[in-house]
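Below are structures written as structure tokens.
Next, two complexes with chain A in common: one pairs it with chain B, the other with chain C.
Let's look at the complex of A and B:
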């Protein structure tokens, strides 16, 4: 307990949110200490981990990131290994097998880089459609933070407002859009014939030029599980910059308790190192940003006399309202070649299907053709057929060209029963594993039955599908949201409009957990925008003394 | 003083150039010769003044850029027309004296990081235009840059008077009627504005250019400016005129060489803005430099290597690399750090954006410093054909991977044996030295070890050397009247 760990701003988690806050605080002249549960490794090691995997494991995005015993995360090698850390229950339990890595740099190591914004309507579900919740502020309040987030990450996107989502922007994207590959162009043309608009995705990936020292995308089509060259933003690229600005990063430091003191302010966090030795870290402001599962877990583990439900949890909302975009996928085979795989693994989506007055009855969704190269899938399938020689080559080529995955990602509204609690099961350090109850709700199931599956089938027909397999269960999108939900009323929400805990003046919980609703698009850009907004509040709070 | 005399931001010059009509319109009434200002802007571009006098992220020509030299960092001065911080109080004669003789307004000597030994050949008209540009085409900046503070005895600027006496020729450029006008224009530009010899001519013990070995290659900070004589093995004798012009304009000649370091900056900030006639004149002159061969060269540096890969030796061996703390092999480092752009076989990309690692001067030189320097520092060069960018791997905050000296040595040796000139071996110490900015001069050792004694040694050597040097000056050098 004699450690001298202390800083103006103590940031738990080195993912995109923690790094955004850390860099902002350093730029404002504050001292920053970052605590990362997992190890810190070089990019090339992960690249080689991935390339050394057998083809059957290459689609398991966590396989290239073996967890340390003290920082477990989901491992999907087998069903048994997948059940090891995340404890899941409820009718859609398996749809909450959320992938994230407890490594320095966090889950952006293996994100797709997609940077959709919420729409103004996505932020007013309650008042417009009578479902879910309204945000504490409107789109216009968030817009400047979205723009700052796009410039911080380096987002490429279309300059034509007709191709932007939503087309309400104060500044152009910092870079122009990446060109479509043949598969995406074809999907766009097919969608247009049935009145749907497949938009080029805004993405944190460099198009044609370097950005913040990161090189231009050269189409390795390897965004999952790691961009081998750093053309896609990931928080790992910011770690050396944070250190150059004076930030201190401690890896293998597993925070397990938040300590409160007078006036219920947070006065320290405690972490175990890899030798199970506990350390105490003091500071002026504390930021817990270790994703939508680990953050509520730490808060719940930190209950004390004054905070008997856990830290920041007088509302009993910590760990509730867990969200994601429940996903339905279709594997299709077509008569004609589509040739996915040119460019990033995702680069476009149909977005306007997420909006509409139907939202008072069922949810909306986005539709996407996955642009990952099919050679691995095609190769494995062709080998299974026992082919050899030229016949094998021809079949690999056919299956690589003429197959595709289509995806529906449904919006899920905040529901209190979708809840993270502490499991009685303990991990290597003796800390509770997270337990999550998950039910995507009839609001989503109605959408699938009456709205999204019919659209999917139209798209499949348009593509000339000869054979298809549509999953009859939901899967996860890895967009973990809602567990520290934002709101104006301290009795029904965890954090205020600046992601500050209602219960603790100097505790900030920015990121996916704070999101009031999730929309149909990927959550990261909104998380970073919230981190920007929280950063402003942190800096002004500390500057004011 | 090894010179990193080429750098940043001609874009600024262009901006200023495009803004000149407005400046001049106002200026006409004040008697400013706008045509002269415009010509001066071009000469400033050709001379790449901005390379050293505009710091990264700094205001145009406000100085403060650290120029690494074997005897320590030299900080460039503010050459905006600010009276308090720049050269606003210089008369044209004082300006000309600084450009050509390396003497400040106050009479103190400049270090030859300022290539006045080259600029002295600029014509009176060009110097006059340059003066007009810096007085009327550049915005004054009242910021004083960091002062240069070299270790003893180099901190005694007076010592430069001795140096100048020994090594600064007098006289200006005189055309050689036995050559074409094109060749003569090239000779004028190469000797003066472009100051090619500043980097490409080796330097002696006292950092003076060794004229008898002109253009045969020299170390420039971390980078090696190779032999550019017309020798087909050691130089660029295998390049044709169009190839050299393309290289100067874009920094890229596929299957041969790419410009990085100081040369990349020269392309980005200077050569790409020169007129086609001037670039062709430079190429004409460079092509006519008599061949000088290094006896150690058995083949052209552009000819070494072939596509190959050791990837099959890796796969299926070590499933998880990130848990392995043992020293990685060069093959592993290559696959994880390089192959995603340069290809598993080092073949580069079909469009030539990513160079092949064989048939590449960085892997074909006997001196491996450019290979080490490019791995450490990367490439960032913009020309008319766009940006060529490679991140460094040497521990800069923006690098995508941070490799140790031992790892870069292992990687370099893999690349050299797989794609380049075999038999060249890089050690961790070589990388450490390159990481610090290149070899340092023995002068500094003398200064630090011997102090007073060293001064005597240096001066004695200087005097002895001067006799030898004067007696050796020969026809290999550009004729100067």
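Let's look at the complex of A and C:
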């Protein structure tokens, strides 16, 4: 390999955020080089990996994505394997076992495709409720970028404002809503009886038509760990288009250092290839888009004489305010069939439970019925009972149709003690593993005790639950946010309103890490909206010379 | 590898099942070895497929796929060295009861090794595996029988049963078991 790597825009990470910036820059006539730590594979390989997993392992989102030694990610098979890469501590350490693959295309390979927007109130927690922080701008500023993000990803959603969340839009969704299967319809009907509104989700799945060269969703019910036909947006579908526009993508290139120069501008990034050989890449603007864990890790690893806390970290906020949506799940059995497994694995949520004046005391949350097919779960459970013949088939059918998982995802406010630091433990390349302290806080625990669990139990009763098991611990939602938090004050935040590092004029850190608050909904659409906003700033900056 | 910057080489991925389908029965014996039975790989018992299919069709009230049966027969012969003699004993019980379906003779299979063998055969057909451990072989996915009792409504993940927006909120009654 030659070391003459250089481009106008150097993008580290090939997930949805990196691809958004890269494509925007290419469209503006700029040269782009993308660096991806992990391998680049074809969709069929992931699908075959999934289909060839033993049934009980099919629930492990990561099992179809074996990591390369130089790009480790969480492996969930056992507690021991899960403890290998992410080093976790604190009272809710296990709730930060965040799932993301280090593959070209990033975590959108295995995301659910849900595209909720933040509400205006979600962005003003401090001024409205006295908790958390306010964003550097308001919803109206972000709204055009949300719309652009929805058209870039191909988001389907309802045309009726009464079914939209939030119902404040400048344009309709590019596609209409996907139909409900029987489970989501029944959950919707039950929720309505107790005054809750289960909304059709805005989702990056093609509804009834092809979009951006991807086919219509056919209800393969395998959105995670992988959509077998590419009907759900994932960034892997963008990579060939980026190359067609002249972008260069280097896989198996693990960026480990950001190099700064005169005026503290970034002048290069350094990466190891799979043979542990180091390379240097120069550029005019640098974008670190490696999600909320890997981005702060790279910045902290890059400390130098002038940036003694790490690059972009004069505020000491890099790696702080780590957020997610702490999840509580309930496994329920009902007297009557619900029938999940028809359509996408997620297609609706109760959202209005995330809003209210109670947020000055405790957090809000969304509620959802998981729509993944349960015949595998029912089949394995029935086999364990030693049944045969008609009794076995009847029990499989009952357990498939009459069981469900209900989920609560709580909003978590930015808290500086929820912090990513560099572990002394090293990976295959000798790079520090990330270490994260995580405490969901009393703000969330109060909500669970006094607000969300009572609602969950109402939903369970409405569904005719005869047996249930509610987790008494929080788990992760894989919505990594906050580690490069945005703000107007360089002393208390890492990036400005365009995701530009306060400390480095030509370094951009868009994505979940920049999010000031996370709301209760899935974070990806906001990440892409921020990437759109950052893209505009990057193009303007480079065009201005 | 087809491109210096990409990882398209399928040899790096676990494609046991598809390789088996393309590779024929002769390859199965070695490829099918699950964890814990590798020591038997050099002395694969040659369980007669017709006998395995006969006992399987008596133990399971479904149409059975011969290709899946071939893979399972070889794999179970490796994993359970005494499976053939247990099958012989189970068939004796079935014939004695003039059995057509499992309900005709299963109550007469004594608990212990014979019942364990019967349940292992049933479990293999229903789950598509004989081991759930990481890295163990999958002999059937979409043809694993545990997906069939709900297949009139519920998708086998990654295999669509409708088309674009072709599903709706209606579902068959629980009592309407599909015909197998």
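As a working rule, the second predicted complex is superposed on the first by the 543 of 545 C-alpha atoms of A that agree within 3 Å, B and C clash if a C-alpha of one lies under 4 Å from a C-alpha of the other, contacts with A are read in each partner's own complex, and residues count from 1 in each chain.
Note that a residue touches a chain if its C-beta (ideal position, glycine included) is under 8 Å from a C-beta of that chain, and two chains touch if they have at least 3 such contacts.
Since the structure is predicted, the reported quantities are computational estimates derived from the model, not experimental observations.
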{"item": "Chain B versus chain C as contact partner of A:217, first or second or both or neither", "value": "second"}
{"item": "First (chain B), second (chain C), both or neither touched by A:43", "value": "first"}
{"item": "Which superposed partner A:244 touches (first chain B, second chain C, both, neither)", "value": "first"}
{"item": "Chain B versus chain C as contact partner of A:230, first or second or both or neither", "value": "first"}
{"item": "Contacts of A:373 with chain B and chain C, given as first, second, both or neither", "value": "second"}
{"item": "Partner chain(s) touched by A:195 [first = chain B, second = chain C, both, neither]", "value": "neither"}
{"item": "Touching partner for A:69 - first (chain B), second (chain C), both, neither", "value": "neither"}
{"item": "Winner by number of chain A residues touched, once chain B and chain C are compared", "value": "C"}
{"item": "Which superposed partner A:252 touches (first chain B, second chain C, both, neither)", "value": "second"}
{"item": "Partner chain(s) touched by A:208 [first = chain B, second = chain C, both, neither]", "value": "both"}
{"item": "Interface residues of chain A shared between complexes with chain B and chain C", "value": "39, 41-42, 45, 47-49, 51-53, 66, 208-209, 215-216, 218, 220, 222, 228-229"}
{"item": "Contact set on chain B toward chain A in their complex", "value": "314-323, 332-333, 335-337, 340-341, 349, 353-354, 380, 386-387, 389-391, 395-403"}
{"item": "Chain C partner contacts - residues on chain A that touch it in the complex", "value": "39-42, 45, 47-58, 63, 66, 77, 178-182, 184-186, 206-209, 215-222, 226, 228-229, 249-252, 336-337, 339-343, 372-376, 378-380, 382-383, 386, 388-390, 392-394, 396-398, 400-402"}
{"item": "Chain A to chain B touching residues, read off their complex", "value": "39, 41-49, 51-53, 64-66, 208-210, 212-216, 218, 220, 222, 228-230, 237, 240-241, 243-244"}
{"item": "Chain C residues touching chain A - in the complex, by the definition given at the top", "value": "5-8, 10, 13-18, 59-61, 101-103, 106, 118-119, 122-123, 126-129, 131-134, 136, 138, 141-142, 144, 146-151, 153-171, 173-174, 177, 180"}
